[in-house]
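Both complexes shown next keep chain A, but they swap its partner, so chain B is in the first and chain C is in the second.
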Partner chain A sequence: MRAYITYFKLKFISSLQYRMAAWAGIATQFFFGFVYIMVYVAFYESGGNHLPMELPQVVTYLWLNQAFLALVNQFTKDQELYKLIKEGGISYELARPKNLYFMWYFKVIGQRLANVTLRFLPLILVTSLLPKPFHLGAPASFLHFLFFLLSLGLGTLLVTALTVFYPIITLLTMNEKGTVTLIITIGDILSGIVVPIPFFPRFLQIISSFLPFQYISDLPFRLYVGDISLQYGVFGMCIQFIWIILFILLGNILMKINIKRVVVQGG
Partner chain B sequence: MKIYFKSLAMHLKGELEYRVDFILSFLSQILVFFTYYFIIIALFTKFEHIKGFTLYEVLLCFSIIQFGFSFNEVFARGIDKFDDLIIQGNFDRLLLRPRNIILQVLCSNSDFVKVSRLIQALIIMFIATIHLSIDWNITRVITLLLMLLSSCIIFFGIFLMAAAYCFFTIQGLEVRNVFTDGGKHMAQYPIGVFQKGFVYFFTFVIPYAFVNYYPLLYFLGKKDSLFYAFSPLLVLLYLIPCIIIFYWGMKRYTSVGS
Partner chain C sequence: MSFIEVKQISKTFRVNKKKSGLKESIKSFFKRDFIDVKAVEDISFSIEEGEIVGYIGPNGAGKSTTIKILSGILIPDSGECVIDQMTPWKNRVKYVKKIGVVFGQRSQLWWDIPAEDTFDLLKDIYEIPEEEYQTTKEDLIYRLNLQDIINIPVRQLSLGQRMRCEIAASLLHNPKILFLDEPTIGLDAVSKQVVRDFIKKINKEKKTTVILTSHDMADITSLAKRIILIGKGHVLYDGSLKKLQNMYETEKYVSIKTKDKLSIRNKGIKEKTKTKEGYDLIIDTRYITISELLNIVSKKITIDDIEIDHENIDNIIVKLYEDYKI
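Take a look at the complex of A and B:
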């Protein structure tokens, strides 16, 4: 266990070095947040029927998405892992007497936590001071906030399990551009980054509830704004837990199978 | 110009060497890209219009922006991926040759898989115009063509600026996404629906409004002034500062070695 925690620390501390990139990221996220929100402001001003969420709820949801993007997004591929596979560095990894899966898992989670640590505070602080309609609202209640934190933690574990899963597939296919990119794009949409899940057509909401993606960030953020009841929150966290276990197990098994067949590239 | 087409042909041949890979990526691009249109359609099931613009009007607007963006991804990929040239030190080689530098950068790369997005944009545009019952006449046709043209030009300008930015930072930081992806995301809706400050910014600093708002108003018959119809031509002016900035940045360029 200690070895894995060292991996985590190593990645966490080294990722904290990229402060310039973090500032650039913050600026980008502010801009995207404003753009997304302005679209909704314009839509809400034009009126609609049976809207699933209030405007302030949507705004808060979108800001949370931007603030924690570095933690929960699915589109950052850990280039280091893909490089290992494509350029043969994996042979060094295999020489280490540790479980490769968990080495990777702790690396990825360390990087994500470091990236979000550098970014989320300025966003939360500034947006909560903004005037309406761009204001980041307070959580629905103290319990909702507690549940939000819990499910965000679980969401992080889940998204990490997913991000580690993709390079394992790549061990066999050698090219992540086809299938993996496709899955990531679908996952991106279904995680509610641009359009919160309640705005989806009915049939898609049902399909989405059977997939893991919306449990990464949509669940915690909707808990925060109070769009989801606490009872459903408990239910949702159980589902998160099941997906985490499932993907870690699946990842481990697939890793064992693929490692036997892996061809080391380059020299 | 001949050199450019020759290098395009070479890139195409190169990509077609991996035929199965090419076809698969082509198909997956179409699928992936449909999701963007899907987002707009999904929102319009809950809302009837956005500041007076209906679903098909927004789709028309988006397809025009998408067309310009993908056009540059295919034919100006070298500028889009300019940071690669700088980081790997390959830019130095280009500087040695006695040809126009921008032309050479254009020749350095291209991505024909993205043609799928071009086709898709044209299909969506076609569907949208059918549903809109446009009062066709010759100026409307010209306006539409001008919109497509200006959409290509504005993204070319933005890509050039982003490339110039690489001269200073070496790395292509996330900030450039603000102007490429962020701008694209904004401009999928007619710029006029946004708040005042942003509208001014995207009229006078980066003139998206002349691509997808003023001419659109004329095209849809919401405004009659011919100024609106030909306003996309103003985007041409925007190229001038972009090119100047690029050359200015190039003067300060110091090689990173290879």
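Take a look at the complex of A and C:
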């Protein structure tokens, strides 16, 4: 266990080396946050009917989305892992007396936690001081906030289990473009980081509820703004848990199969 | 049973084959042609504990593939291999605890952070007890002269500095076996010497079994008493370096300093040239030994000074490759 924590620590230290990237990330997140919010403000002002959420709820959802984007998005690929596979550094990985799946799992989660730690605080602080309509609201209740934290934690485990899957596939395909990119794009849309799930058409909401993606970040954010009842929150977290176990199991099995067929690139 | 026992190992890779050019690329987009490349075929050898074995062969002979099979990274198509009572690819996690590997062309150090941070990670990965770790680390730092470079981000190190750190990283857990795949690639003379001396020392003091590949024959001659030569996936020679040298080293270069005039005729003397200070001879040791030559020469003239040179080991290897047509 200790080795995995050290992996996390090193990823964290490595990421700290790139301060400019963190600042640029923060700036980007502010920019996108404002753009998205302005779109929704215009949308609400034009007086649409049957809107699924209150405007302040949507704004808070969008800011949370930006603040925790580095943690919950699927499009960030851990370049280091792909490089290992494509250029043959996998040799060293296989020469370690540890489960390769969990080595990768902790590398990815370490990277994500490191990235988000450098970014979320400035966003939360500044946006909670902004005037309406750009104001980041308080959580619906203390319990909602607690559930939000819990399910965000589970969501992080879930998105990590998902993203570790892709390099494992790449062990055989040798290229992460194509299928993997397609899955990631669909996954990101269905996770609600582009448009919150309540704004989806009914049929897509039903399909999405059977897929893992919306349990990454949509569930915690909607718990925070109080769009989801606490009872449903418990149910949602059970689903998160099931997906996590399922993906980790599948990932381990696939890893075992693919390691046997691995080819070290580049001599 | 030997410490390392390799029996009839074979491994084939499937390689995508495609001619150059746009038309061929489009064609191969729809239909792929594969060829099976036999990386190693029917390789067998055994190695005793504490040996240093040089594993040599031309590019693409299967050296790295063998090393990767022996270190549990690749799984052979057929054959058996037992090292320290374990099969590398079957008991991978348990087995790799006992081995250290250095791949000269790759890096195991984390690029953005100092090497010492990677060392700390390895300590946790190999579950090295704190005290043992500190002693080993101090020792490696001292021997490989890492004091000044261990705290600099790896990306800012020179190749030679980095390689010294790589080797230290592979030895933190005191492995019983050390696999070195071209450990001196790209290093300058001084760094090479440091690395060689170091390998010699740990082999002597800790009885570490070392298997190394290199294209620099000086590495092999200074380290290995025994070599295994492979070409096109087959073992071609397995035995002492000395024997190989004797087999192929039929020429010796003798330069004699003298003021006298030398006239000598012998089947064993292939070439005689007059120089400013004396004569340069190339002799064939199959017909005349050095002592016989000296005997003859010293009877005829007064020798002021004499120098005897071996044939360059690199030339021997070139000859060897030619003989085996690899």
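Definition applied: the second predicted complex is superposed on the first by the 267 of 267 C-alpha atoms of A that agree within 3 Å, B and C clash if a C-alpha of one lies under 4 Å from a C-alpha of the other, contacts with A are read in each partner's own complex, and residues count from 1 in each chain.
As a working rule, a residue touches a chain if its C-beta (ideal position, glycine included) is under 8 Å from a C-beta of that chain, and two chains touch if they have at least 3 such contacts.
The model shown is predicted, which means the values in this text are computed figures rather than measured ones.
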item: Partner chain in contact with A:Ala27 - chain B first, chain C second, else both or neither; value: first
item: Chain A: partner with more touched residues, chain B or chain C; value: B
item: Which superposed partner A:Gly89 touches (first chain B, second chain C, both, neither); value: second
item: Which of chain B and chain C A:Pro131 touches, first, second, both or neither; value: neither
item: Touched partner set for A:Ala3, first chain B, second chain C, both or neither; value: second
item: Touching residues on chain B, where the partner in the complex is chain A; value: 21, 24-25, 28, 31-32, 35, 38-39, 42-43, 45-52, 173-175, 177-178, 182, 185-186, 189, 193-195, 198
item: Of chain C, residues touching chain A in the complex; value: 13, 64, 68, 71-75, 92-94, 96-97, 99, 101, 103, 105-108, 110-113, 117-118, 120-121, 124-127, 153
item: In the complex, chain A residues that touch chain B; value: 20-21, 24-25, 27-28, 31-32, 34-36, 38-39, 41-43, 45-52, 175, 177-178, 181-182, 185-186, 189, 194-195, 199-201, 204
item: Footprint of chain C on chain A - complex, ascending; value: 2-3, 5-7, 10, 13-14, 17-18, 87-92, 94-99, 260, 262-264, 266-267
